[in-house]
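Take a look at the structures listed below.
What follows is chain A paired twice: with chain B in the first complex and chain C in the second.
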Partner chain A sequence: MEIKNIVKKAYDSQDKLNAFVTIIDEPKQTIDNQDSPLNGQVVAIKDNISTKDILSTGSSNALKDYVPFWDATIVKKLQDAGTILLGKTTMDELGMGATGTTSHTGIVRNPWNLDHITAGSSSGSAALVAANIVNYAIGSDTGDSVRKPAAYCGVVGFKPTYGLISRYGLFPFASSLDHIGTFAKSVKDVAILTDAIKGIDEFDMTTWDSSHINLTKATDLDVKGKKLFYIKELCDINSYDLQSDELKNTLKIFDETINKCKELGIEVEEVSIDKNLLSALFPSYLCISSAEATSNNSNLTGIIFGPRGKGSDINEIMKDHRTKGFSSLVKRRFVIGSFVLQENNKDKYFLNAQRVRRLIVDKMNELFEKYDGLILPCSEGGATKIEDLEDNNINNASILENHMVIANFGGFPSITIPNGFINDLPIGINITGKVMDDENIINIAHHIESTMNYKNQIAKGWK
Partner chain B sequence: MNKELINKYANDILIDLTDEEAEKTIEELNVLDKHMTAIEKLNNIKDVEPLTHPFDLYTATLRDDIAEDGEMIENVLRNSDVVEAREIEVPKVVG
Partner chain C sequence: MELYPTIGLEMHCEIKTNSKNFSKAKNEYNDTPNINIKPLDMAFPGALPVLNKEAVRKSIIMALCLECQIPKELIFDRKNYYYPDLPKGYQITQNHSPIGVEGRLKVEVDGKEEEVLIEDIHLEEDTASLDHYFDHSLIDYNRSGVPLLECVTKPCIHSPETAVAFLETMRNIYKYTDVSDADTKKGQIRCDVNVSMAPKGSDKLGTKVEIKNVNSFSAVYDSIKYEMKRQSDLIKSGSEDEIVQETRRWDDETSTTITMRTKADALDYKYFIDPNLPKIKIEDKWIEEIKESIPELPLERKKRYISEYNLSEYDAGVIIKDKDVADYFEECLNLDIDPKTAANWINVQILGYIAKNEIDMDELYLTPKMLKEIIDKQNSGDISSKQAKEVFYKSLDEKKTPGTYLNKEGMSQISDKDTLLNIINKIIENNQKQVEEYQNGKDNLFDYFVGQVMKETRGKANPLMTKELLNEELKKV
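What follows is the complex of A and B.
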């Protein structure tokens, strides 16, 4: 398709999906790289990744006019691979949110059914791949912000091992949990995209040498004899007080997927983990991420960038900017961060959260000695209806809805692939593995994908 | 947990909350407190060393100490709303 037609398609999707913050009117290919499998491919990038001379807002009023003067490392790598940047995608403000409804430019709608959420925070990236506006998109993932919207939009979302992809130029949310991730319609395509942007970077000290890793080739490997486990407390319907039809269907489809794994020659076993520890995941994530976010975003003052606040002294000016610039949810997260870092509260909240983090990461590392990966449903069902969303998402801290944060706690590679539909809305499964064993996870996911009919599927509901 | 305290924490990070936002934050902190109180009861939690990062593997190499002209002043100024000549203007801070 000619590029001008792709731009037209992007604009035409806006009133339905609202997945772009910025569409580039005349997208350009900077480098013609005939050796790259991505040469000439159009990509969309989440709006919290710095793009030189292109608006990068983090979907926040605090940065509504911010134009970076340098490119994130991955933006340069995408150019080197011959890709063409089509636009910047709508997200939950500053990455803090899980619904796709908190951007300063409005709600992102699910292309399978416009009345439903996409999940977040990489909402626009997931929606655009699902709607076939682009084949490839970039997101970021601090709790499950690539893998949850991938599940709800029926596409593949991959968050590799911490440090496989440079975060230089990513707006930091919670640095010890932040990752860049990739979206496509097949496991092979996320492998190709991830191969193009991975690598050690002198500007990000958490990156490591991954030149020996080739994710694209990993899809050619055999899976017979691989071993996966699932967590009994999350997959047994009898563990739940509230057994909705949607949850029952999710677990039934999960069982069918497990049988398909076994037909491939993958061994799958049930493992029990202390439910008290699993229940501690979400509150611990909330403490750690809010604390780090409060600190990381203290540079948003409206002085060097962002709309200048009103006031007679510097503190009043900064306070006015921050009060008007952040939405209610982001302000509340920052205050929670401020609260958990207070000297009197630090041990009970912040340090205990970090202790839980160690307990769960140690437990997973112990299990990854025996198993190649953990396989679980991504959620209790399909995407929620926008009108049914509850404002206070802390109350709704079901373990099955929040377990993917495990991969952020430990930096584990983790991928979501579609595995079915409930009420005509897609659902997904998640596979998480050992640190730096990304090839194994990609390979297993690729083979499981081959047993189902959801590879390269395109959402039709939005048209 | 009360509004006065919440507003103090908000003020510490230069944010004003509306009454409704302060009430909602209190609600959320009460839920969080319930969870964190349960976590305090996990076996031997106090003996666990807090984990601050996924794993230890950092590439900290020193770059050569070569002076460069960043040529960035004009670029930086483009994003600020209040600029005077080649500087960002703010009210007088030091008396």
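What follows is the complex of A and C.
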């Protein structure tokens, strides 16, 4: 398709999806790279990634006019791979939130059904791939911000091992949990996209040398004899007090997927994990991520960049900027973060949360000695209706809805692929593996994908 | 009731490196504001810190000089607070695991050695600098992110003299090791001072008052003296409860301390480990390498000067006090100038000159090589010591090489035997009365004749020759 038509398609999608903060009117290829499998491919990038001379808002009023003067490392790598940047995608403000409804430019809608959410925070990126506006998109993932919207939009979302992709230029939410992730319509395509942007970076000390890793090639390897496990407490309907039809369906589809795995020659076993530990995951995530978020976003004062607040002294000016700059959800996270870090509360909340983090990561590492990966449903069902959202969207602390944070706690590679529909809305399964074993996870996901009909699927009405 | 002060110091010193602590921006003192900046230094969203290994190396040098324990792993924490000079809203510092803990430093106070105990020394980053005007303030981010070492002593100091001696010794070590230029004029050293007063012999400390941002050693001295008096007066007048745990600042203009904030308003810095800086192992091998690279420290040098060059305790002490002076001395030795001669010139003429002209040693025009020219001429008897000094000062004042003056007419000593004999004989002839008295045993008149020769030659007569010839001629009479 001609680039002009792609731009037109992007503009046309805005009324329905609202997936772009910025559409580039005349997208250009910076480098023609004939050796790259992505040469000439159009990409969309989440709006919390620094793009030189292109508005980068993090979907926040605090940065509504911010035009960076430098590129994130992955932006340069995408240019080197010959891709063409189509635009910056709508997200939950500053990466916080899980619904796609908290952007300063409004709600992102699910291409499969516009009355439903996409999940977040990489909402626009997921929606655009599902709606076939782009084949490739970049997101970021702190709790499950790539893998949950991928599930709800029926696409593939991959969050590799911590440090495989440089975070230089990613607006931080919670640095110890933040990852850059990739969206596409097939596992092979996320592998190609991830291969293009991974690598050690002198500007990010947490990156590591991955020159020996080739995810694209890994898809072709044999999968027979690999071992997966799932967590009994999350997959056994009898462990739930509230057994909705949606949940039953989700678990039924999950069982079918497990059978397909076995047909591929993958061994799948059930493992039991202390429910108290599982229940502590989300509160611990909230403590750690909010604590880091309040610190990471302390640079948003309106003094150096962002709209200048009003006031008669510097404190009033900063206060005014921050009062007007953030939605209530973000403010709530900052208050929580500040609270759990206070001298008197730190041990009870922040340090206990770190202990929970260590316990689950140790447990997972122990299991990864025996298994290649963990396989689980991504949610209790399909995407929620926008009008049914509770105004405080941190209330849903269901374990099945929040387990993907395990991969952020441990920096584990983790991928979501579509595995069916409930009420015509897509759902997904998630596979998580051990650190630096990204090739294995891509390989397993690729083979499971091949047993189902959802590879390269496009949302109904967007073909 | 005799009251006794207990003092603890926090000394901040900027480290000399090519780039900043966590960004690639230049680390240099510059008069043009806001030119040494990378995205991190102004906290643009998405910028990440990358640790400067050289700053770590230099921190380890200081930790070793202070005989500190060095942790196995390098860990950095965030200290969170809002202030316009802190663009990130947090300072990257070391709270949980400083680069050095539990150290000690020997300092000399009034010729006596004392030991100051070190709580810790840690690596952090400097803030931007603020310039306040009547209705606005200006921010210069050149300093934002410059590596800064903070050394915290235990509350083990009991006099302002010891406090200043500690700071001077520290500054010296910074300079000797080339960890920092440690230039107070450029604001490279800043101090916080903690002072409390308690009855002598009491094992309980009094209420601690912190004085922030004391930026010269004399201000440290004055602020301690001031606080000692302020607190003592309150205790003695029965108003002890008016001493509250608080942070005060030193006001240079009024020479007083002024309340900034009380303990109730103390900030909660919400420390936590910075996730962007992975824990890095500090290899023992690296520490050993660093240890071996540490140059001779001031007190070692002093001992060497005394034992090898026979300098007096006093002379050696004066020379090592400023590294630039000590280096000047070493250069003199390299040029084969006699150590004692060099020490005399440096301690009397040179230090006198720079003190009088209020310049630093590195601004001195006269190089050791130039000094050698003067000394050589004096030693060879070509010029007198008086002339040597004349050339020294002329050269410094006019910033011209000593050669300019040494080769001028009239600037050479009279060492010609016949010329001197002529003058001597004339003086003997004209002072018959004195000659007679001298021959009758009034020996001290000999100096009178020397003086006459000098007067006649305007000080240019070679003194040794003059004495020899005079002796001979007077005997002949």
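The criterion applied here is as follows: the second predicted complex is superposed on the first by the 460 of 463 C-alpha atoms of A that agree within 3 Å, B and C clash if a C-alpha of one lies under 4 Å from a C-alpha of the other, contacts with A are read in each partner's own complex, and residues count from 1 in each chain.
Keep this in mind: contacts are C-beta pairs under 8 Å (C-beta built on N, C-alpha and C of every residue); 3 or more make two chains touch, one makes a residue touch a chain.
Note that the coordinates shown come from a computational prediction; the quantities given were computed from them, not determined experimentally.
Of the two partners chain B and chain C, it is B that touches the larger number of chain A residues. Touch criterion met: A:Ile304 reaches chain B and chain C at once. In the superposition on chain A, A:Lys370 contacts neither chain B nor chain C.
When the two structures are aligned on the shared chain, A:Arg355 is found in touch with chain B, with no touch to chain C. Once the two complexes are overlaid on the shared chain, A:Thr206 sits against chain B and chain C alike. In the superposed model, A:Leu170 makes contact with chain C only, not with chain B. By the document's definition of touching, of the two partners only chain C reaches A:Glu343; chain B does not. When the shared chain is aligned, chain B comes close enough to touch A:Gly411, but chain C does not. By the document's definition of touching, of the two partners only chain B reaches A:Asp313; chain C does not.
By the touch criterion defined above, A:Ala291 reaches chain C but does not reach chain B.
Residue overlap on chain A between the chain B contacts of one complex and the chain C contacts of the other covers 66, 69, 176, 202, 205-206, 294, 298, 301, 303-305, 314-315, 318, 338, 342. Contact residues of chain B toward chain A in the complex are 6, 9-18, 21, 24-25, 27-29, 31-32, 35-40, 42, 45-46, 48-55, 57-61, 63, 72, 75-76, 78-82, 88, 90-91, 93. Chain A meets chain B in the complex at residues 65-67, 69, 162-163, 176, 200, 202, 205-209, 276-277, 279-280, 282-284, 286-287, 294, 298, 301-308, 312-315, 317-319, 322-323, 326, 328, 331-332, 334-339, 342, 348-349, 351-359, 361, 391-392, 394-395, 397, 408-412, 435. Chain C makes touch with chain A in their complex at residues 39, 42-51, 78, 80, 82, 84, 87-90, 137, 139, 268, 270-272, 274-278.
Chain contact summary for the complex, chain A toward chain C: residues 48-50, 56, 58, 63, 66, 68-70, 72, 167-172, 174-176, 202-206, 291-292, 294-295, 297-301, 303-305, 314-315, 318, 338, 341-343, 346, 350.
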